[in-house]
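We just call them A, B and C in the order they show up, numbering each chain from 1.
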Amino acid sequence: MDIFTAIVQILDSTIRLSVPLLLACLAGLYSERAGVFDIGLEGKMLVGAFAGAAAASVLHSALLGLGTAILISVAFALIHGFASITHRGNQIVSGVAINFIAAGSTIMLGQHWFQQGGRTPALAPGERFEAITWPGVDAVRGVPIIGPIYSELISGHSILVYIAFLMVPFTWWVLFRTRFGLRLRAVGENPAAVDTAGISVAWLRYRALICTGILTGVAGAYLSMVQNGGFVKDMTAGKGYIALAALIFAKWKPVNAMFACLLFGFLDALSIRLQGTPLPVIGKVPVQFMQALPYVLTVILLAGFIGKAIPPRAGGVPYVKER
Amino acid sequence: MSTPYAKLPAWADYGLIPVINLFVAFVVAGFVVLLVGENPFRAAVILVEGAFGRGTGIAFTLFYATTFIFSGLSVAVAAHCGLFNIGGEGQGYIAGLGIGVVCLAFDSVLPWWLTFPLAIIASAAMGALWALIPAYLQAKRGSHIVITTIMFNFIAASVMVYALVGFLKPAISMAPQTRTFLDGAQLPKLNWVIELFGAKIRSAPLNVSFLLALVMAYLVWLLIWRTRLGYEMRTYGHSPKAARYAGISEIRIVIVAMMISGALAGMMALNPTMGDQHNVALDFVSGAGFVGIAVALMGRLHPVGIVLAAILFGMLYQGGAELAFEMPAISRDMIVIIQGLVILFAGALEHMFRPYIQALFASISPKAVGIEAVKGKGA
Amino acid sequence: MAQAAIELIGINKSFGAVRANRDINLEIVRGTIHGIVGENGAGKSTLMSILYGFYQADSGEIRVGGQPASIKTPNDAIALGIGMVHQHFMLVDNFSVLENVILGAESDALLKKSIAKARSELERLEREYGLEVDPDAIIEELPVGLQQRVEILKALYRGAEILILDEPTGVLTPAEADHLFRILKQLKEQGKTVVLITHKLREIMAITDTVSVMRQGTMVATRETKKTTVEELAELMVGRRVLLRVEKGEAEAGGVKLAVKNLTVKDSRGVTMVDDVSFDLRAGEIVGIAGVAGNGQSELLEAISGIRHAVSGSVMLDGKPIDLTGKADPGELRDRGLAHVPEDRHHVGLVLAFEENENSILGYHDDPRYLKGPLLDIDAIRNDAKDKITKYDIRPADCRLKTANFSGGNQQKIVLAREMEQDPGVLIVGQPTRGVDVGAIEFIHKRLIAMRDQGKAVLVVSVELDEIRSLSDRILVMFAGRIVGERGPEASEGELGLLMAGVEQREAAE
């Protein structure tokens, strides 16, 4: 296999692996820009993945699965809102709680409903999102360079992949070109300014969390209905946390977020690719090292190369009217 | 207004409110039981009977509680310094490496009462080391400790798999675990204590590390409220600026607090390895590090509360095992849900019922709450 | 003829057991500037927040333009033509002026149209009222005076007919304040109604038509400004004659205790906050540093007390240098006899969640007196705290009470007791009486003078010019990070005011 093909393959799997990160990262962007830290991205993705696969297999519809994933994920986002906005609880504690409830309940309900050890039944073709083949793929396939790039990299992904990448400019547009975005950014910086301007801080933050819930729902659906064809317990495997790291790395900006997630996706793709393959100089690297690599690199990136990341100023602090 | 909530009597603050929060968490958990088609009341009875009904149950409950006391103390020490150590799981897991090396090296030559102190040191050192790096990165580079400690949980898991399928495993074995420790690394059981009260016990793993946990609870109390270091940690936890003003080094205090926290998390590995399985196996921590978060919040970061909350969670684990046996629809993942609900209601939603309770107290005796509110005025 | 813009009838508001407003009646005449004076905590801000819909009154009626009005949210107030300029600006620091102006008043779901509309509207307001400000400037890059102007523009953009300003001059130089007053007068000429909340009587006398006085949650009097005097208002405010000056004898200054030479401090963004400052502080004297808030006084204090990094210069304490790398150990400086009462007692000087006795050792917690082996000596700490409580008349006299439950004055006394009882050679005090009730102010001033008379060197930084003039033996004035002049205590307020505005420099050069 020549190097070019290998690169295209790695980039292709980079795209596939970065999609759930990207969706979760943008999800976190909405809530953190609004001043609500959300460590519960992981849990919301997990319930989204479970609800999506479960509904799709029962209702025999990928779209209904996606809808259910979003619905349940939003419900969990609202619990986070109830604790951290309405009752001004500690946002990190609330997020951790959501992750546990998600981890336990997906397995428990999965086992109760499907009796497959926490899995959902394997999804049939109509129950999952299929790859979309772009026009002219067959014609171009033979063309050197452009052919493989068009047919492998650009074409042949599920609709959710394209949605994820379209969400990047869309999020940028919402944030910087709409009234909602202006208010959302304002409430993450100085909620008192928003409050005195006659806008409800709580309702604005709830809406931000609903956006978060929708996106984590899609991220979860992608995991169970595109990447895997069914739900497996704990299938998020820390992606929610890596998405948070990517968000910090991206300094809370949508386009940066895309590059950060592509980077993490690339590392992931590389580590899968290199498992069992001897490397020049180093030789054969233990598989555990490659598995740990994305986490190690996350730590290194957070520690070293981001410069000063200034989070939204009101982030993590419940809003209390000053007296 | 600096205090958003007026003062309640201490017993209501530290007793009534946690109990109410816990009760609500269990009511919600009851609905989950209902959802999988079982009777929550019968489930509760099985759970409590399983945990406390027989001597063996009690011993198992205390065995689980031992681990949770360590992990709860670990979370609490960090929390008093304003840090959220969510890495107890990884710190406990990696400590298994230290314990494994010490036990494999000395179990044939030393008696348990000499191996045990060495293993305590090894586990604490490994746990502290695993907390040191995130602490250093937080203090020096501002990397968010919550995210780095989570990452270190994943890294610990990989390291342990590497060790357990590699050098810790006997060459002839296929199972990813160490060989069984000899007598020199097996901790004596404590079941006779319960038998003193007339209960009968068939092989339960309660062991001397329970006593170590109680000693640690006392030492943590001493550390937090009676030492200079604890005073400095609490100062930093409440107000980093005040700590700077008071001449407390941010870097030093963050690192020291996290290392103590990590050491406590590391010590939780003693109980399942030397106390029960007599080996170091894959995934032996099995979520106990995370239970510590719920235990610490439930116990309001006070060692006495933590011991009580740990026993409660020990009961859930032991009773939950019985429950999973009696009610097949309910798996042990129910515990994870309850854990999440306790963190939600006792942690994030801890103030939800407070206004109602305050109103109640105010209507019973206006003085009790009123006076404090007047004092709160000003500035 | 005089039509009421706003009438407040029987307003009551309680926070828990605290009655912030009791039976307030107030009538504000259209087209006038109406002042509301009172001490900190008299209930002025609460009353205005009720009028602005930020809080709900427990009982009472509000009439706007003669019509009963129900103001439940700031939106209702805005709709009724009421605008408010808050003491702490309600601006998003990293937004542009335009973005701040339209926030909450966007005409369209997309920003483009809203911004275009706001841009032309701002131009009109600029012409009409002389409110010049670059619409595309980022707030955090603007000086404070301009930020305040943006707040006023925000209110006018929303069509405010009645403008409430809460302590607007606290952060302004006298010159900026004068400019503000000109703007307010112009607003009045255009028929707008202005409500000015302040505790500074000079401003009231200078600009208002009518003045109302609040004390402890009640409205005690309303006067026509022309027919009242500063003395009468002051008496109404505090309920008794105020001792405006603390009695003190001549200073007997001794040797130099603290020598500051060419000190320069930059903030985290690299902006020079303290610029080449030099002065000496001698034993037995109080040196006051006057200046408008934000002119480098805070940074100066922090650098001298070793908790902020200085770029260059030196500070000698008793002839030996203080580490200015920002890594100094404040504990070591305390051992050398430097005590520091920080400006911000809520976050720096105290840990509000601690018991009183725990705060009374903050910074001195490694003193052997409070230690018993490796442990804290709880009995010694509590007894020591009890002694200080008696000596400084801290109330309630309960060393186990949470510090947050003490009033501002008593919290300040806890800090002062801790620092003064260490018998330091040099005492540095930032804002000694900010947010402190009148009784405690007198007490604190007397204590500071007693320290001086014992031969200690005292450095006081305050934004209250009266306080500086009353306490100091020498007055240094800071402006834009520099010391722009030194005067004796006899210097007039006007003279110091000009220095604080950075005016004197040029005149002196002529």
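Just so we're on the same page, a contact is a pair of C-beta atoms (placed from the backbone, for glycine too) under 8 Å apart; a residue touches a chain by one contact, two chains touch by 3 or more.
Here is each chain with its UniProt name: B = Inner-membrane translocator; C = ABC transporter.
Quantities reported herein were computed from a predicted structural model and do not represent experimental measurements.
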Determine which of the two chain pairs, A-B or A-C, is joined by the larger number of C-beta pairs in contact.
A-B
Farthest chain from chain A, going by mean C-alpha coordinates, please.
C
Dist(centroid_CA(chain A), centroid_CA(chain C (ABC transporter))) in Å evaluates to 46
Report the inter-centroid distance (CA atoms only) between chain A and chain B (Inner-membrane translocator) in whole Å.
30
Please output the residue numbers of chain C (ABC transporter) that touch at least 2 other chains, ranges allowed.
15
Residues in chain A with touches to at least two other chains are numbered 323
Which residue numbers or ranges of chain B (Inner-membrane translocator) touch two or more of the other chains?
1
Under the stated contact criterion, what part of chain C (ABC transporter) meets chain A in this complex?
15, 46, 52-55, 73-75, 77-78, 84, 86, 88, 90-95, 99-100, 102-106, 108-112, 114, 154
The residues of chain A that touch chain B (Inner-membrane translocator) in their complex are 39, 79, 82-84, 87-94, 96-105, 107-109, 111-112, 118, 238, 241, 244-245, 248, 286, 288-289, 291-292, 295-296, 298-299, 302-304, 308, 320, 323
Tell me, which parts of chain B (Inner-membrane translocator) touch chain A in their complex?
1, 4, 32, 35-37, 84, 86, 133-134, 137, 141-144, 146-148, 150-152, 154-155, 157-159, 161-162, 166, 290, 293-294, 297, 329-331, 333-341, 343-344, 347-352
In their shared complex, chain C (ABC transporter) is touched by residues of chain A numbered 176-183, 185-186, 189-190, 192-199, 313, 321-323
Can you check the complex and tell me which residues of chain C (ABC transporter) touch chain B (Inner-membrane translocator)?
15-18, 41, 305, 307, 329-332, 334, 340, 342, 344, 346-354, 358, 362-363, 365-366, 371, 374-376, 378, 396, 401-402, 404-411, 435, 437
